[in-house]
């Protein structure tokens, strides 16, 4: 497996030339656009890696499935889905339009920014500090002995430049889709996006969403299934449909260049390649995953 | 299995009271709203049925996956997806809005009406008659020794009342998303919707989209996988996301009350219950499938 | 006045280089892009002209105010505005989006295509032939002893290529915004667009919408005021707001390059210049009108 | 005149029963829903009043034309309209949708909230305090010897509950339609909305936008004409088109129940009636103005 991964990384690293590092959060521009790395964490605890696996990067949108997991554990599916919809959408991740035309006045799903901010707002805690502690400790419990840090520079950068997310949060307040203070909720959201990991952590987190024997499940199996389903239908921004067809596994991408994949019953995947395509997904990472999943016949359908 | 199906049909038939037979095509109003039936066709050729399996009904939107299969066989994925997108959408099935705001000027996917009409327009043939012959014979070849007829009354009714579909077809012409005559394309589309089947046919068609040994595949395996993926992400109108989470299998519904389901590697499902919920799906049929798939643990994720 | 008009035409004819003749109706491409002409018809019956006043051209959207006048005379304001809205819109003339998001399911106003087609559908008559006779004779009565013809080539060209308008008409049928057959209504609409005039006719038609002594009014004064108001708020496609500010008079443009202007209490203006800007208005015609209205202080506000 | 106004106020006060005081800013709920008052300020300095003319109320959206006037005086039309559009819109006042679909990424016009916030952001000053001083002093100079105060309770109430406006401001920042801090700009916007006047002030302000002899003009005549045009095409929220047709004068309404009207060359109108219709306009105020303008033949077209 390791040998094959080296071949794949070598083959797809040149694809990084076709993408660009995310510029809308200045701090992200510091990433090396030619990085490409992959880690596989299988259910027997074996780890295979290749490429830029020493690079650290922030979770960004890859944090959304875990905020959702915690919100589900705090409120149950009914509590969560009375506030947030379940439907995929072809819109881009930061669209406000759907909010306004949807008669239901709910964000469409927990993986677009609007739904993710509303999900984060559901995490329980007496104060922002406690909520964030709960979330990062929860993530650490899913990837024990893996690197889980916090990038304060990215957090400050996001917080300073997050005008679109602020617009979304205040809009959510206006339509009563979130209850607390917009700024407190945004602060928690910017923090969750700034949690720092590496490829192995990402693969371990992917494994935590696989179908595991009950004794290994931190996330209740039903909730993990819900999350895998959202990842499959809307985990890759407005390229989710294309990814489902061409790659065929549940995955979640972030604008840091991270992609977390899940091969149910088998393993978790962590990919990092900060050069992004126009939809916000790692250009080399998607190509590498397509080749790997095709070769290993991992598509779920 | 047969005994359990009888129990499920008995349990969920009262749900038909919560829905209404589709009224927008007058001919469909003749259906018995209390009908509920199910057929299972497994890969070993065993058939289990219960309830209104003698009822005949038209495919309506359940025809879309098969028009897509034929278009894929005629033009390959690149030919099809240069004209039609791959992204799911939270919009209702007959929305025009996405057409106008999408910069790409492609219908979003082959299972919304706009994309389905554009897909049908790709079916090869020297004339409308030949195109329809190819399609209905193709469907017959997927469900040999099952009932596949044509309901001329429904066809006339659709043709007379299909103003929304006409609006979509002319819009598609205007943006050059279809090449031929709008009326000829619509005529073929109304005919494919009017193909008549029963629950057993529906289950056999579902099986034809399962993962079958190559010698049994009429639809090439790669295309069947593409179709299953579209069914999973957008087969149930704007309840597709909710269905994926609550039921968890690829399925396609039609406003006649039909639902065709696929349990990969195992079997095909045919459900009929013409009383619809507000999204256009069989209200009792969805509930029955949710109970059945949960009990049998058929969810793919 | 005549001398000044010659100066203005000479000054603004070079602006025709910055526009393009409408290509979406092939027959319109035959126009000479360098044509620029103007006629003024004042309330005392004096006519001043300059430039391409011998050129003949079709009314296109300039026909909309007169279909509205006839619909108002046939049904009264309540009858008309129960079916068609009164609000201006920043959308382009052939937008469908507003139709779908407006909860009222009425086209926004009588001067966008959707509203204009719904207005035309209100013209009384036992058959399409009679309806068209009524409309063209009505227009002739407003511009007696002026040229009012019919361009059969343009009509055929519109009819063959009017996919967008067909989409709109069928959509209007679907939402019950028109009662009759879509094709019959479209046929009348394509005919009204194909009525042929010259600059002097256009100026006479503009005068008919001015504030005239009652004995000269074919159009009842209240209805003329309604029409002038629509022309002011939405007569120049999605440049109506800019035209209201920069030129400041009620006007209606057509994609043939026609602009009909009204200076209340004073005169009617007919301008022709088929080279259009990207919003569909005569590029030299708008510039000429801006200079003329500014020099003569004709802005109504 | 005074006698007629008393009759009109008596006749239309019962209409206040058909409306409701704006509830989205809690402080506004304190208004007396049965209030109805009118003041007329003519160009000779004569004032006629009737009804609740002693009531004080905040300008709310009636402040928008004056922020626009100051922005025009600070930057000229080119400076303003490079950032803000000129087109009317049928959308409601607080819509975000247009922002997202407009390719130009400019708010559509200066009288919808998005455009008004962007206009306010253009007012010059070294700090928020100075900007507000300039604006309120400017308004005082337009209505000398009239009451112009500031309602600190309304300001605090708006500031606390202005989530929709915050969403708009951050969205404007995100698309680079405003340069400064969103919160500073919002603070100035909430303050301008909280400037307090009475009917006579409102009428004097209306007169300041009329066509006045140059020696009386604080606002340069060209800018006053621009503002009157915007008021005519988009001054009454998404009832602007209907108001233009039925009443026919430039006017601007606010959710406090204020309506400021302009009869060019003649007079200014100040109406107050806090019971609003569903579009946000004073229900009795609009009816009174329709009757008055019809009787006096004040419609501009």
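For the reader, a short list of remarks on this structure follows.
The chains carry the letters A, B, C and D, assigned in the order they are written, with residues numbered from 1 in each.
Methods note: a residue touches a chain if its C-beta (ideal position, glycine included) is under 8 Å from a C-beta of that chain, and two chains touch if they have at least 3 such contacts.
Computed from a predicted structure; not experimentally measured.
Comparing mean CA positions across the assembly, the chain most remote from chain D is B. In whole angstrom, the spacing between the mean C-alpha positions of chain C and chain D is 32.
Chain B and chain C have Cα centroids lying 46 Å from one another.
Work out the mean CA point of chain B and of chain D, and you get 54 Å between them. Chain contacts: chain C has residues 97, 101 touching two or more partner chains.
Chain contact topology: the protein chains form a single closed ring, every chain touching exactly two others.
For chain C in complex with chain B, the touching residues are 95-97, 99-101, 163-164, 166-171, 173-174, 182. Considering their complex, residues 85-90, 97-98, 101-102, 108-109, 225-226, 228-230, 232-234, 238-242, 244-245, 248, 250, 264, 299-301 of chain D touch chain C.
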